[in-house]
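Chains here go by letter, A, B and C, matching the order in which they are written, and residues are numbered from 1 within each.
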């Protein structure tokens, strides 16, 4: 077991980590957007809208991320479009995680007491304004811990982009192992890098949850 | 032991019992004797230490100093304290029934695991006890299907099935709707009639007045006053007792 | 278009075969996860601090690193330590260990949700600690966190797709192979998607049945719960309640 492999290939690993972080950042942004829209749609009184949103959530929560990624990547060329690995990964990851974010927002929105809506409406605020200025901020407090939890999952899930060939952290690791062997040090080092990113976030989530319990 | 000594055997003895939880002193040197067959009622405000005292006698709390003898078992001796298990019965304010088991199942669990009875023998004993508390038709019901009063009666049957020498009641009726209190205090009165040694912590002053042999008023971790119910309720000596009764009975 | 879908459909036999592998891995990994999860939960709640410490490390490390890497460690790195696992074994081990860490938190929450009075009542009745755990605490704990347990089962089921990266002939891997041979990506992956949806829904249904029969009061297991309508898209009349 030759631990020097890690230091020798550090530049490749850090490059991979940067790609992972970049991918995660984009996916966090888009999945949050998609999730918020889907949650609002889900709670709509228009049956079609609600059903579409519900279908979206059920499909992506009932199937593996891998399939979604494969669908996006191969499906694009099947339909005649050129899609690079990075954009494909962003789209696939965002759409998949968006379904989970949608459930988190839905629970958060429903947790805001009806009286808040009514109070806002009586004061003369229109629906969208009531939503944006009164309800959504309160949702944020309730939804933030599970949301960050989902982001942590997202960062870990980004490793699956390996199957469509994206050169994120896990893929770089795999390439190094293919080249020089030494799977144990390499994969442990990669695990360590993910851990260093995810663990502080996990601690933050726990702190937030503890605080909200005592508020 | 002579017949006379047997008759007046002391069931419970407390000598100089103190207890604190962290920095809070809850009991400051309590002395108490409970005779066999006696019904002792503990009253007092919250924080007076009455529940702690009860829990100590049933073996759920340890003493910091002093002696606690229940049924000749020295509860203050950590090594021997567990001998009391299964020989005293405890009824909790929140019933503490096992929600995943039927009424019958609640009563038979300890019979089968501790007394090692067969399923049939345990069922027979359990049925007897449940009938005794008036629930013969509810054997197969789950706690969620029973009213509060019924649940508490199951809890009493569960405790009685183990043939305890002493029964402890920790605010057994405090969590019940008023109209259900009677069915539980009725069972408690029957037990008292039958000669069971009972220590009862309660806010039900009517029960205390009518069923107790002796009433003990606790205040600030000590016994402030004790005596026969008539004495205490009609003619309290201690000003603190007077204050307490004034507050409680006026409600 | 039609021709392609029909050809793709011709491969359903391979997919069924692959599905059986998927199901086997799922069941075995779930069993492992339950054992590890329960053990870790008990360890984290014990008074013996080394147990708490070790279990804590297990849970935190596993939950903060990707499953994929854990699979790679089990399959590619384990031989360096003398452990030569087949893809199947590595898959079961990695998924079992991974979900075990999540189940540890689920079980821990469940065990902590039991009011202390339950244990006290059992103690007064002279029940011994093992009996109390087995007959009083555990049944209630499982009921309280049942939906979360079912959710983790489904996570394993969907997680088997990762094992395609170590060449296990499960559903996703088989589909990728068919795709590389035939390039019928959309039809094939659609079939695969439907397969996973069917499997996860069947699993939910079965667990739901068990929940209704085994627990008193009976439990409903719903994956996606019914929402309260809020009328956000259309201009609303005064909302009328559920």
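Definition applied: a residue touches a chain if its C-beta (ideal position, glycine included) is under 8 Å from a C-beta of that chain, and two chains touch if they have at least 3 such contacts.
On a predicted model such as this, the values are computed, not experimentally measured, just so you know.
By the count of C-beta pairs in contact, the leading chain pair is A-C. Put simply, the chain nearest the middle, going by average C-alpha positions, is C.
Rounded to a whole number, the gap between the C-alpha centres of chain A and chain C is 19 angstrom. Centre to centre, using the average C-alpha position, chain B and chain C are separated by 46 Å. One simple way to say how far apart two chains are is to compare their mean CA positions; for chain A and chain B this gives 56 Å. Against chain C, in their complex, chain B makes its touches with residues 58-60, 85-90, 92, 94, 96-100, 102, 109-110, 113-114, 142, 144, 155, 158-159, 162.
Put simply, chain C touches chain B in their complex at residues 115, 117-118, 120-128, 131, 135-136, 139-140, 143, 215-217. Of all residues in chain A, those touching chain C in their complex are 1, 40-46, 49-50, 54, 57-59, 61-67, 70-71, 74-75, 77-79, 103, 106, 109-110, 114, 117, 127, 131, 152, 156-157, 159-160, 162-163, 170, 173-174, 177, 182-184, 187-188, 190-191, 194-195, 198-199, 202. Those residues of chain C lying in contact with chain A across their complex are 60-61, 63-70, 72-73, 76-77, 79-81, 154, 158-162, 164-165, 172, 175-176, 179, 183, 185-186, 189, 192-193, 196-197, 200-201, 223-224, 227-236, 239.
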